[in-house]
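Letters A, B, C and D mark the chains in the order given here, with residues in each chain numbered from 1 onward.
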Amino acid sequence: MNITLDQADLAISAAKDKALDLDTKMNIAVVDAGANLVAFARMDGAWLGSLDIAIKKAKTARYFDMNTGMIGDLSQPGGPLYNIEHSNGGLITFPGGIPIKDESGTIIGAIGVSGSSVDNDHSVASAGAKSV
Amino acid sequence: MNITLDQADLAISAAKDKALDLDTKMNIAVVDAGANLVAFARMDGAWLGSLDIAIKKAKTARYFDMNTGMIGDLSQPGGPLYNIEHSNGGLITFPGGIPIKDESGTIIGAIGVSGSSVDNDHSVASAGAKSV
Amino acid sequence: MNITLDQADLAISAAKDKALDLDTKMNIAVVDAGANLVAFARMDGAWLGSLDIAIKKAKTARYFDMNTGMIGDLSQPGGPLYNIEHSNGGLITFPGGIPIKDESGTIIGAIGVSGSSVDNDHSVASAGAKSV
Amino acid sequence: MNITLDQADLAISAAKDKALDLDTKMNIAVVDAGANLVAFARMDGAWLGSLDIAIKKAKTARYFDMNTGMIGDLSQPGGPLYNIEHSNGGLITFPGGIPIKDESGTIIGAIGVSGSSVDNDHSVASAGAKSV
């Protein structure tokens, strides 16, 4: 099962609402089950460099079916996945990427958010993921 | 002046309407004046390979401030811009990329569309560009 | 719907049989519906350079849901898709890549073959695709 | 001497058996003495992101003729090979990549496994390497 464009638009809309609540400007990306981009939005004035990070967070979350921050915990110096970020054309492993599931719990895609603190990035991604 | 996310969403919405009129499934990308992605949508069932092409068409149109097909005319064997496609991480120079202008005629971004014949791609991109 | 590893192994096995029939040595790649690699085999003595070509043919066939040779017909100088090969990290658009469908006709992946003449490449890919 | 496709298939088959024993889903790659891919299999439901990691582990093990985890010990901050992962288009230096030797002890290739904990990855790779 793959996320639809309507579902992806819903996730981006919910994420944007949350970003406005937090008074932040975000880049928001949604990928499908194959880790390919479905929808993207960069809010006016959001960091340019967060464009690529948002997309990489979404891909990373789908690549390993977990929140990006969990991978970052394991990829620290001395950790079991040290420097995993060198794979797949570049991973982003700090918080802000979250898998998106359907009602049955099947992962149908992922959302990635970048543009503020990682706590805010995660909150906005979470709002998007939950809306689907 | 830069295109806003609201304007980019408007362009994508108009492009999707045109794509449905033509019974096609499109990838639609909008970049800003800096040639950086602002918004993107892949319609359900659209070609996966057109994802990258739509983005590259939008970037190419803004890189040279002209329709992508005009560059393709010049990049043929023996032409003055032969194999210009090797620059900028890969250009796409057939129709479907169009600059977006504001009321004063200033270029504020570009739209790129891919997923059908190049004629259809151009028609859909044109509908998007005109809506802004 | 996605191709399974068992189906991919079946396709590679049928392709290898056909390659032996033709007295050729092939690289054979199978990707899933998301254009991600599922299985690969390089026959002993097959061209090293065909490794990447086989994978790119499989991806190209899934990216556009058609045989790779059909894209190559359109990407010639003066053609509507001239230099499309610059997209998606490099396409291969001569024969040897074929979509794989399930019984209902849904595309569930693709096979790419490289190592001999393009006619032989296509014959071997076709044997693999039909076996699923 | 180079690993043959039959030997690589044997290694993948043994690795898959071990992966099933451990109730894991793995990506398994085998490269030859030239560090070029010979055979690959992604088990149904295995992480997408482990595709690239499995291949990079196999290459890394052959690039330096040692288990990938040994390189990771040396590439930590302050270590003699700090950030060696930036070379060769990206190395993966945590466990799961192992050289494959023939009866005489000559290295004829390498196997890389990714999809679970690094301990499981290493166990599965080891089962594959020993089978040859």
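To be clear about the criterion, a contact is a pair of C-beta atoms (placed from the backbone, for glycine too) under 8 Å apart; a residue touches a chain by one contact, two chains touch by 3 or more.
Given the structure is predicted, the values throughout are model-derived calculations rather than measurements.
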Self-check item: Rotational angle, Cα trace of subunit A fitted to subunit D, multiple of 5°
Solution: 90
Self-check item: Inter-chain centre distance, subunit A versus subunit D - centres from mean C-alpha coordinates, in Å
Solution: 29
Exercise. Provide the C-alpha centroid distance between subunit A and subunit C, rounded to the nearest whole angstrom.
Key: 32
Self-check item: Chain centre separation in whole Å, for subunit D relative to subunit C (CA means)
Solution: 25
Self-check item: Two or more partner chains touched - positions in subunit B
Solution: 48
Quiz item: Who touches whom among the chains?
Solution: A-B, A-C, A-D, B-C, C-D
Quiz prompt | subunit B-facing residues of subunit A, complex | solution = 4-5, 8-9, 34, 36-44, 48, 51
Quiz prompt | In the complex with subunit A, residue positions of subunit C that touch it | solution = 32-36
Quiz item: Which residues of subunit D touch subunit A in their complex?
Solution: 47-50, 52-53, 56, 72, 75-77, 83, 85-86, 90-95, 117-118
Quiz item: In the complex of these two chains, what residues of subunit C are touching subunit B?
Solution: 34-35, 60, 62-65, 77-78, 80-84, 86-89, 91
